[in-house]
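Two complexes come next, and they have one chain in common, chain A, joined by chain B in the first and chain C in the second.
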Partner chain A sequence: MSILTSSDRVVGAASVGRTKRLRPSYWPFVVPALIVVIGVIVFPWVFTLWMSAMEWRIGEEQRFVGLQNYARLFTDVRFLEAMLHTLVYTALSVLAPLVLGTAAALAFNTKLPARGLLRGIFVMPMMATPVAIALVWTMMFHPQLGVLNYLLSLVGIGPLQWVYHPSTVILSLVLVETWQWTPLVMLIVLGGLAALPTEPYESAQIDGATAWQRFRYLTLPMIKPFLMVAVIIRSIDALKSFDILYTITQGGPGTASETINLYLYSVAFTYYDIGYGSAIAVVFFVLIIMLSLILLYLRQRSAWNTGDGQ
Partner chain B sequence: MSNGMSLSRRRLLASGAAAGALGFSGALGLPGLPAFAQTNGVNWRKYAGTKIEVNLIKSPRGDTLTKHQKEFEELTGITVVSEQTPEQQQRQKAVIELTSGRPSFDVVHISYHVQKRQFEKGKWLADLTPFIKDPALTDAGFLDDFSEAGVTFARNPDGGIGALPFSVDYWIVYWNKDLFAKKNLSFPKTFDEMVAAAAALTDPSSQTYGFVARGMKNANTPVWTSLLLGYDQYSVDANRNLLTDTPEAVEAAKLYQTLMTKSAPPGVTGFNWAECQSAFLQGRVGMWFDGVGFAPPLEDPEKSRVVGKVGYGLMPKGPKAHAAATTGDGIGVTAASKNKEAAYLYCQWATGKLMGARLLQAGAGVPFRTSVLADAEVRKGVKMPAAWVDAVVESAKISRLTLPVIIPVTEFRDVLGGALTNMISGSDPAAELKRATADFKPILERSEKT
Partner chain C sequence: MSRPLRKLLDKAGMAVCVLLLVSPALLFFIWMLSLSLKFEIDNGAYPPILIPDRFAWKNYTTIFEGNSFLLYFWNSLIVTGAATLFALVVGVPAGYGIARMKAHKSAVVIMIARMTPGLSFLIPLFLLFQWLGLLGTLWPQIIIHLVVTVPIVIWIMIGYFETTPMELEEAAMVDGATRWQIFAKVALPIAKPGIVVAFILSVIFSWNNFVFGIVLASRETRTLPVAVYNMLSFEQVSWGPLAAAALVVTLPVLILTVAAQRQIVAGLTAGAVKGG
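So, the complex of A and B:
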């Protein structure tokens, strides 16, 4: 039970009155953003959902088929293979840059001679245009004319077929992805390392901890939030990777490196099967959302425990 | 000064029949080019003041048209706005715009071997027959000069004419004369001889291989369908029934498998025409089977190590037939165009003898017009060796369409191409073709359903 004085009531009434008067005037400020969000995010998704429930081929009549396109996904071997390729490619394209990027960050965190210059050179691949990179790597991968096999021959290793063989194509593509995106992970982790407190290390050194123990029990747990940020960024990036894959292999040989993105592109824009392509897009979207939620949950859990519940 | 010249030439062209009498070979100072012959009685300036939009495939052929566009504008008084887009993207753009019913262009460049049936079914192109029959727009006999393949491509099932035949691509065998001479071999005349020669030329220790052709999924399908023609069979019959798992189809696939596994460079499963061309340019491949249009870099000293050493061979004879696989481009007027006559004049100019000669001489393409190929004066100006022109002329005599005239050509190429790629990795041809045929059959049936 509360007792309001007359002055409280007057202030309260004035406040309510002001709110009532002001509230409608805020709306015009929201409208432009609302229109943009509805126009470029909500509407395309609702429309994609609607298209996914249609048999819709360009140049032919459209008809409602309900969930038929989704049912078709379960029996489409090419789609299931593309799912597998996507997951393998994503996992490797996250893991390899993560390990190498962390190692590079640890190296660049020490006082190397010409550290700034070396760091600048190291991040250069990240700045290059993916399609240009892909074209250069395509030439390097060539089994007869490529420089990679030439370099291998200098150390007595026989020629590899790189992206020209189904069994090595995904690993070769991961190599390109790793080369380009390891610097990003390095930069993120390096930022984390710079923010670490020095006291725990001093204490560990006094206690006689080895370099490995200091890394394993101090550095690694403390840079975990930064690693999770790198994992989230890399995962989403690798999942939606298209340019490098399309330029180098177009999903080949055969369909050995066809990811969902490439398959979706073929279905929608070369077979003109818009309905089925939309169903694939919806499933892909759900997959990305799920992965993002899992990663965000893990990121939350990996946050530093400050002891005050924050 | 230049203005004066330009004006004078415009006036000259505006005088109607002058263009025909004068001939552009003299007017433009280009040696060996034929006169602009189809102008007698045609009123080229009837649609002066009209503006048309032209959608071209980015290619040496598209470049040639764009380069000489001013000539057409001066001849007709029609303003041309043209754009060139890379092949894959141009196909997508054209289909999407045509489906909308309001394309932004009046003239469209199409790949017959991929889009013919799709365009026919969509009724996206205007029937050019009334324009061809109109003496004010077309000279009599305009169509007579096109090769049989060109007319087959251009004619619709209902007898109308869609796109006019622009450029043809015959598949030939490029062969390295040096490598053949070293092994004392002569160019094969049959499929069996081709397999034997390819095996004899192959020496992995020196990274020399007897044969190369496309192994990449989708790109490789025309290789197999071309071999299939040697068994006197198409991949789809006249009623659009698949013939892709017949004994002949399996034999052709076995031949493809043999050549690609026993005599081709490692990694050939990932080879499109560009990788094949690179390998051949290095002088490490005995034979390369592909379209005749890929020849110019082979004779370019800056790009090639085999300049002057390349033989241009007719496709060897198969067990049942001798056939040169054929693909091609056309230029048509959209059904939705509001300037059909003006657009038709552009198509007529683009597919005329003069433009055909230009394509041939520059190595930018091969015209469907037989008279251009047979013209001794034109041949004098061709940059490529005489053997190349001979291969073109002889191929025209045994020309057959290599890809089926169906709507889902890309899916056909993807599904069958995947099977062919698997064969290079060791799969059984009969089993692969059976599976691929079963996979593609419902796609084909669905495409013709509505």
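So, the complex of A and C:
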């Protein structure tokens, strides 16, 4: 979302540009925030970059090692596995909420009784404290006492081991992530649906198009930019996902659900290998920025194709 | 089929759809409530029991008795309150300044801050706090929560001040008011709804934050999410009190979400950011 609005704002600013004499010396308003941003955001970035070039363990002498920490990443099997887990987890955690969220947005876009309240309830999972809901999911995943296996037994499936088996752990965690973040996709797409023109639908109605055809050939192309925004935001958040994973599995069983973020945590705060941890942080950060840029580029292209300047 | 009947069926079908969509969220929180009100024997029952014969209210009283829960509640209140207030004090003027200067490039920093994983702020700031001797107090957590709250406030306020009309400000300028006077007397009152949105989202995301706490909090300075997590891992607590604690932690946020859902939706769709 932030990405959408920032580029739009630039366009908007160029087209306004009338109140020139009000412009100068608004700096005093910005300076306090600037100091805070430099202190808690920019300084950590720079410092992380510097630490990543050091052999640095807490309580030991640090020394400069150049790119050695980065070279170590390529031979670190645990890191490479974490990379794979992260990619699988992210791909699924983008796809599932995207499909479900779009469906939900279509439903919420109609005139419903108590729409506000229903939307409030629907949004609750993404606002609730992640640790709290992760605890309850942990109980629900319990193979013997959990309610999920009971529900599955009603339709004759299971019992599953959920987060307690390497083969199902990532899918189970994706289930939680989907439950939690489908509402955000819904809100973004709902914003897109609210801006749709009505004329094409009227003429489609006259031409006798079915509901599916109207969705496939009218709605879908028109909300594509919004879907791309949802994909970008969801990708970044899924890559960074920590609270749910850490609370439910801590990367286990073994390291079956260990993502880069969890591995980074272990290296930095369990083994106190600050230098290597910083190198992972830098690589992780570059990965996120690269993915964002690729998606942003795709979004720009999709906007060109649909012909609107959004 | 007659038209009115068809319309009715359409509506009914839609209602069923929405119920289906809402039910995962609704059933989850109902189950959470159920877990928190059951005795251990009912929580271990198979098939599971939704509404027990006797309610275990003592689950709620036990968490406040043994686990310094009130202290952790207080810690959460201080950290979230201070980080949010400070973010409003520096962020609202900054949003105003950026919007009026049309300095949109500066917003990129905020955007990248939102993309950065919370952990990568933690390593350097942890070392800094250690060096400053602040560990063991609430200061490290208050300061690091600014990573979450300041970008949220700035983002929402830039968006808000861009939509407020300039005419009044220009008129005040002609009358000889200084910029600070214009900001305080003209722009700020109009921006009240935007400030409310920034406040609510900043409070929620700071309250929910977990990752900063597990690294920076000591036994005395835990916030609620960390305290609840520790109940799970270090103490043998049964499901009932654990679910009760989880519900107590997230209840303020849930109430806020339903009560202020209009503002929250507005904030999130206007370019707001998830923190951490």
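Some points to look at:
Keep in mind that, in the parts below, the second predicted complex is superposed on the first by the 256 of 310 C-alpha atoms of A that agree within 3 Å, B and C clash if a C-alpha of one lies under 4 Å from a C-alpha of the other, contacts with A are read in each partner's own complex, and residues count from 1 in each chain.
Keep this in mind: a residue touches a chain if its C-beta (ideal position, glycine included) is under 8 Å from a C-beta of that chain, and two chains touch if they have at least 3 such contacts.
Because the structure is predicted, anything quoted here is derived from the model rather than measured.
In the superposition on chain A, A:Val176 contacts neither chain B nor chain C.
Residue contacts after overlaying the shared chain place A:Trp162 against chain B, while chain C stays out of touching range.
Using the contact criterion defined above for the overlaid structures, shared-chain residue A:Val42 touches chain C, although it does not reach chain B. With both complexes superposed, C is the one of chain B and chain C in contact with more chain A residues. Look at A:Leu145: by the touch rule set out above, it reaches both chain B and chain C.
Look at A:Phe269: by the touch rule set out above, it reaches both chain B and chain C. By the document's definition of touching, of the two partners only chain C reaches A:Ile121; chain B does not. Residue contacts after overlaying the shared chain place A:Val136 against chain C, while chain B stays out of touching range. Legend: residue contacts after superposition of the two complexes on their common chain; A:Thr249 is shown touching chain B, with no touch to chain C.
After overlaying the two complexes on the shared chain, residue contacts for A:Ala230 are found with neither chain B nor chain C. The interface of chain A with chain B overlaps its interface with chain C at residues 144-145, 269. Every residue of chain A that touches chain C in the complex is listed here, in rising order: 1-6, 9-10, 12-13, 19, 22-23, 25-30, 32-34, 36-37, 40-45, 47-48, 51, 103-104, 107-108, 110, 112-113, 116-125, 127-133, 135-136, 138-140, 144-145, 147, 150, 179, 183-184, 187-188, 190-191, 236-237, 239-240, 242-243, 246-247, 261, 264-265, 268-269, 274, 277-278, 281-282, 284-285, 288-289, 292.
Residue ranges of chain A in contact with chain B, taken from their complex: 57-61, 142-145, 159, 161-166, 169, 249-255, 266, 269-272.
Of all the residues in chain B, the ones that touch chain A in their complex are 88, 92, 95-96, 99, 118, 121-122, 207, 215-218, 265-271, 275, 278-279, 282, 284, 407-408, 410-411, 414, 418, 421-422, 425, 447, 450.
Across the interface of their complex, chain A is touched by residues 14-15, 17-18, 21-22, 24-26, 28-29, 31-32, 35, 43-44, 46-48, 86, 89-91, 93-94, 96-98, 100-104, 106-128, 143-144, 146-147, 150-151, 154-155, 158-159, 162, 166, 169-170, 173, 179, 183, 204, 207-208, 210-211, 214-215, 224-226, 228-229, 232, 239, 242-243, 246-247, 249-250, 253-254, 256-258, 261-262, 264-265, 268-274, 276 of chain C.
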